[in-house]
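The structure under discussion is supplied below as structure tokens; questions concerning it will follow.
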Amino acid sequence: MEMMDLLKKVTAASGFTHAAGVEVVAAEVGAVTLALARKPELLQFSGSFHGGVLAGLADHCAGAAATTTLAPGKIAVTVDLHINYLAPANGEKITATAQCVQTGSTLCVVSVSVSSTRGGEAKVCAIATVTLRVVDMPRMA
Amino acid sequence: MEMMDLLKKVTAASGFTHAAGVEVVAAEVGAVTLALARKPELLQFSGSFHGGVLAGLADHCAGAAATTTLAPGKIAVTVDLHINYLAPANGEKITATAQCVQTGSTLCVVSVSVSSTRGGEAKVCAIATVTLRVVDMPRMA
Amino acid sequence: MEMMDLLKKVTAASGFTHAAGVEVVAAEVGAVTLALARKPELLQFSGSFHGGVLAGLADHCAGAAATTTLAPGKIAVTVDLHINYLAPANGEKITATAQCVQTGSTLCVVSVSVSSTRGGEAKVCAIATVTLRVVDMPRMA
Amino acid sequence: MEMMDLLKKVTAASGFTHAAGVEVVAAEVGAVTLALARKPELLQFSGSFHGGVLAGLADHCAGAAATTTLAPGKIAVTVDLHINYLAPANGEKITATAQCVQTGSTLCVVSVSVSSTRGGEAKVCAIATVTLRVVDMPRMA
């Protein structure tokens, strides 16, 4: 599937998402799911995933979900992100699911839910709303 | 200075801020400045710092600034974070400055400005508002 | 039903929600629906409902939904509110539906959807996320 | 002054800001101050200004401040608004001051501070960050 391939390519490109180990779990038009396994360098000092890592995963997931709704050659970049932390993300992995709420020629709005999975049980640990702007795809660095 | 020492200790503890390389630049009651040098694993595919990294630095900086206003043994943890991305963070380093707007026995509100420095020139690349909750300091993992 | 009665009483008390004409449509534990009919003093100059009126309805609806989850004598007051405007609210009425995402002894988080109904057709015109604090119910002024 | 005149005209046009009684206190390129006197229909049941009224004043003030930076015939409309309530707005009037943080051909970002004045003393009761989109000025309804 072409969309899945492009998304995997962008996510696996060198940089934050590659270094963190973000995996593309599912992708369809307007909805993307990403996962990230626990690693020491993603945690805060209490042993849960760092809030910035949750925000980063939500941000990337929102951008991916919005971009799947756009014409080829266009990409959605984050204008602003609002995230509520609901519970410590103290599981073995975190999973973000983004759903495009609105898509337009200028702006997109995406809702994201992040859950933490511990011992096979998933619990929502954050929700986010992301506003994105539609731009021409930049060349990969 | 005791506050600076504690802050450096928390920031340098194993985890996201240690792995990323966050440095404590300045700290006083209600105001903290942190910096982060450019590294490949902090970037997005266009070569700028990843939005999640900016959010993570803003989050950590806000938590530090709020905690400096609290009684010993108390720490501020993020309830929600709202960040606006204003310009690509394409410099050699990014610097976050957090100013505590309100502190109370239950909640704190902190304003953060993140700038990107390129060739000696700093430019604001994001602003954030962070709401935090006051809790007992957890034991370090 | 007691909850519905209390909610109607607070909403109909003198003040903004009374003057605006907010109606309680439905209420259960953790979920409340409010409606507001079009009136000239609720619009902006282009003829749609003013953004502040949508924010006010979302705010009130979130507070009501959160309060239904609390012990008697407790009420939830807004700490911060984030609202995304998705489409002009140009209908004959607007309806807000709030769903409590998290409730605790200190804080609640509520998701709100606001729709505008025109010629019998409802369209989502705004979504909001509201963080609230649990306090003792103040005496009515 | 032309800008002040246009702003007063839009604010005094029939609708929410006219009915509420919003006054234009000051306006320059990128910065606007609005005030609103206490009236029963602007309050919540505890006797303070309703959160929706504060959000509405912040929203209108942000739109005005952003619009002053745009070419004639363009207007800034709110995409999303994030507001933190810091203290009860229990004074005789509230005053909002908006400062444009970024202006562009597509988007603007504005910071707003709302204070409540009681017995001659002003106290900040809310801060907001507003993201706006640049559109062609609609015809007045």
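Descriptive notes on the structure:
By letter and in written order, the chains are A, B, C and D; residue numbering begins at 1 in each of them.
Criterion: a residue touches a chain if its C-beta (ideal position, glycine included) is under 8 Å from a C-beta of that chain, and two chains touch if they have at least 3 such contacts.
In this text the structure is predicted, and so the values were computed from the model without any measurement.
The interface holding more C-beta pairs in contact, when B-C is weighed against A-C, is A-C. Using the average of C-alpha coordinates as each chain's centre, C ends up farthest from subunit B.
One simple way to say how far apart two chains are is to compare their mean CA positions; for subunit A and subunit C this gives 30 Å.
Centres computed as Cα averages put subunit C at a distance of 21 Å from subunit D. Mean C-alpha positions place subunit B and subunit C at a centre distance of 33 Å. Multi-chain contact residues of subunit A (touching two or more other chains): 79-80, 82, 84, 129, 131. Put simply, subunit C touches subunit A in their complex at residues 82, 84, 86-87, 101-102, 109, 111, 124, 127, 129, 131.
Interface of subunit D with subunit A (complex): residues 79-80, 82, 106-107, 129, 131, 133. Chain contact summary for the complex, subunit A toward subunit B: residues 10, 13-20, 40-47, 50-53, 55-60, 77-85, 138-141.
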